[in-house]
């Protein structure tokens, strides 16, 4: 995640980090060159393409705008829902210590339970990002193999406490509700990570965008002349830029510039739990070069 | 569901699996030929159609874009809601083993209860997809006739446990809440499967799209000349492509390329439950040719 | 509700059931004749209206599209929310038998309670559709005067059971929660049925649509000539068609072609409850001529 | 709230009640006169303004449509959310009598509790509408000063009953949940009433609309001639009409034609509670001249 | 937050407070001067730029409108969600006194608990606004270091009461639910404050807007002549105005004109709690110069 104040108008044009330009430069430059070639060809051959005009592009533009607008909205919704799910996780990192304090008499059981929760956070992040988190999980006891196992272990602990009578029925219900919330968060994250936007959208959008950018210089050359490459590049920037950003946001758990700061959120959870346990607390993560991992 | 990384720009044009082009090829080719015939006719007869122009299409285009955009959004919402409901089912496949561990003392009752849940998942999928799932249900005890019956059986089991005192009131409440959630998931899926988007939208959209594509060449031929078939085909592709995709997504439980991977989700539920019971666990389903059933 | 597979492209043009064309034919034909009269008049009098052009219509078109798009979205949301509420009712028809089985010891009390629920469903439908449902309610015991009374009777029954000790506090809570859900469904349906979309939208939309269709031939005649009536009719079809459909969906409880199939949903509730009671079960309703009432 | 069937097409043009035309007539007429003056001036001075054209208005039109569409959507959402909150209140007017019947043994305490609820409804309406409701509250016992106090009194009553043992813990929980729901409804209504849409939207929208309507005749006069005042008036009607309606809906608790029928909703609550208590029941409010207060 | 009735049409043009004009004046004036320079240059050099036309801007305008519309919607959603969270906080300020009255026997414990809640409100505001609130927190007992600590203290108090038996299990559950709600509110506010809209949107939007405003005069000069600076300024106002407002709303916790009135909301919470405790009550905050802090 990029975290920075808005730079001045001029500097905005030279910001690279967090920008999608790097990814779509081939398209922008490519279509500019292609448009220039069309203009040159038309001049050399003395073709009069002014009749084509931009009128047909208005109708295609409408469809393209539906695609882009829909896909952008859907991608952002996924990104924001993912952030909400992790926000719920942060809330749990404060509710669990509080709830357990009242209903789990044995401090050792409580500590184990909360450490399993922290393992859960890291293991979930590990799975979503496809990275190894054994080093992060190590301080919190014998490692669980997966976030699913971590939460199951928390279930075993409260089931044992309930059966031994260390946990009364109401206390059990309170903790069980928290675990159900954790399970829902996990399943929600899995849903977003495991179900991409329908692939056919990508196809429809790409094919239409490429065809429009290929045909556009033919429509512009008659009126815009040598401004054609400039306009084509600008339109390619606008179309492919939004497309690329949508793709980045649609998979919000990665480590790209606009993805969610899962490392930092896991740290926030650690701080909440360790503070509540009275343990030494690590500092929150700080952005490096405006980027918060 | 199609699961693949985004291919390179060039290869995107030759992807067939998951594309809607196969379904709308008749329309694209048909309208291209029709447009070519119009151009030829206009040339032969020396008709001057330049006066028609594309101006009237702007107003119709606005309405058409409302239809397409609305229908696409509504279809995607159905698809995503269906996915959310199945995501809740996956969450239940983890909450039920945990909750029963604490409150159902008898492991045999617990196992029967959880197996009935797995039958429920398969039977729900069977009904939504209209396929036979007896083979999938067989390992989980005497077959229930329907997902409704499976859940009723789970109800009988906890009612019996409650009355015999094997389940205390709080335990009953916790499990009853889970069953209510399952019932809500089932009713939600039935709602999506049984209530198509209002039929009148299909009519309005189709009639308008066909009329526009029929009239469009008349508007284009005056200015675009022999580019008319190309533009007509492109617009037909954009309109019918989105229309076709919307239709596929509006019925998300089928087995088409962009439908939900219900087989794989059922397997995920099995894995969660069997893992918790300590039984041998089948591997997750893998996509075949990028397609996950 | 219309339930049918999508007909072939050609047949789509001749579908009448579920189509809104029947309702807006006067507008389509009327404006076509009016446009033809304008063209004839312009030709006879030798008027040159080409200066008017369609440019001013672009700006009005924007506003009109906001109205149409907003109203269509709001109407569909009402329709879909109504369907969701009835989906919740279907879920209750499965949760109530299950919950009562565990906590209501007396089968007679349980049967009376569930029959009151079925009366509630029919009475709610009766009120929403403004039809007489006494025949449907009769099999389920002494008739209640209104859905409100039916639910109140269910309340009396569990209050009596709670006071007599036949229902323990937790059982009471579980059933009370279900009744609160029924009350919320009833109030939600009343809200949709009793609060139409603000009347001013209808006025704004109609006046603008009529004015646009009245002025449009003046703008088109200069360029489109005798194609003017055709375009005017097409635009009238697109505008009034969406408008009419929105109106139908905004009041989703009626018996028009695109309204909800409340009869069929009530039957589904009956089946769920009677199945659970072990009573003979009626068959689900089937569509007649693609129409499910 | 206006409650009437849709009038015929012709009569729709002469409906005044519920229409926003009365409020925006100055703008419509003013801009028509202004446009006529521009045309006259251009004719007299022989100015050729055809070069200005309507092209620049297309870009501004896009922004204006974003403002209008967004503001309309946000205003309607506020209106509908407000209606939902009052729908929840109606549901409470049925749940509270039912819940209290089972758990509050003393009929006098129950009656006082329910009467306080009715005071709450009226006091909430009084505050939202800024009207005096002492006459409406009088029948329901010693008047509370505010809706906040009414709900606090209900809290005192159940706290006293809980402490005296007249209310068992589960009964307390059930009623406390209802009171929390009432508190949430109250806070939700306060939120909508106390937080207008950001003022800057009003400024942006108004300034842009006025500037567009001022410049538009300059763009139209070259082509549309004496039709300019007509088009200007139509566009002013479309823009200011939607603007005015949005403003009315954004503050849904007033007594304007399109505001919510709070009087009628309060009466519905009274009917539900008095029916449940077996008291004489007042008739529901009927619309006067299509207007339901 | 700006709180004022809508001024008359004329006065609307001279409102400064709450307007975004002050922030975007450099852009408006700058682009007007730039456009004037272009016109002058074209006149002096006798350049004919009429061929460029505004046609290419239509396609870019579509993309720009997607960006602006999306970003505005997303920003407003953040603002409104933030307001909803604080509305929930206000509801808690009424539910907590009521709930504690019934279940916390010791008035001293109750008072401490409620005062900690008020500290929580102020500390949350302090963190979100990055201001010092020690003076506001002082009256409510020994200061907590952070909102997180305040809520933890409330947790300690009810945990102690539960263990000592002063709080029964059901009372504990009721209060624990309230604390979980507070934790969720806190995490929700943190989420909005700590996760800006993806930075890439800002870049895409700015770059496109600047490029469009730079190229626009070239497209307009051919037809609009000396009206070009006027139109360019108007379009710059419309684009940058919405952009600036979106940015203000996207960070709703600041102290700018359109931000939320957190001071006033904290005061509302104080009033609710102190009223319930029977303590002297401060007056609600009043807007100063239409601005409510």
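Chains here go by letter, A, B, C, D and E, matching the order in which they are written, and residues are numbered from 1 within each.
Simple rule for what comes next: contacts are C-beta pairs under 8 Å (C-beta built on N, C-alpha and C of every residue); 3 or more make two chains touch, one makes a residue touch a chain.
In this text the structure is predicted, and so the values were computed from the model without any measurement.
Between the two copies, chain B and chain E, the Cα superposition rotates by 145°, quoted to the nearest 5.
Between the CA-based centres of chain A and chain E the separation comes to 23 Å, rounded to the whole angstrom. Look at where the CA atoms of chain B average out and do the same for chain D: the two points lie 37 Å apart. Of all residues in chain D, those that touch two or more other chains are 53, 58, 62, 64-65, 69, 169-170, 173.
The touching chains form a single ring; listed from chain A in the chain B direction they are A, B, C, D, E. Only residues 27, 51-53, 55-56, 58-60, 62-67, 69-70, 74, 148, 151-152, 155-156, 158-159, 162-163, 169-170, 172-173, 176, 179-180, 183-184, 186-188, 190-191, 195-196, 198-204, 206-208, 210-211, 215, 218, 247 of chain C touch chain D when the two sit together in their complex. Listed in rising order, the residues of chain C touching chain B in the complex are 1-4, 6, 9, 12-13, 15, 18-20, 53-54, 57-58, 61-62, 64-65, 68-69, 72-73, 76, 79-80, 83-84, 87-88, 90-91, 94-95, 97-99, 101-103, 105, 168-171, 173-174, 216, 220, 223-225, 227, 230-231, 234-235, 237-239, 241-242, 245, 248-249, 257-258, 260, 272, 275-276.
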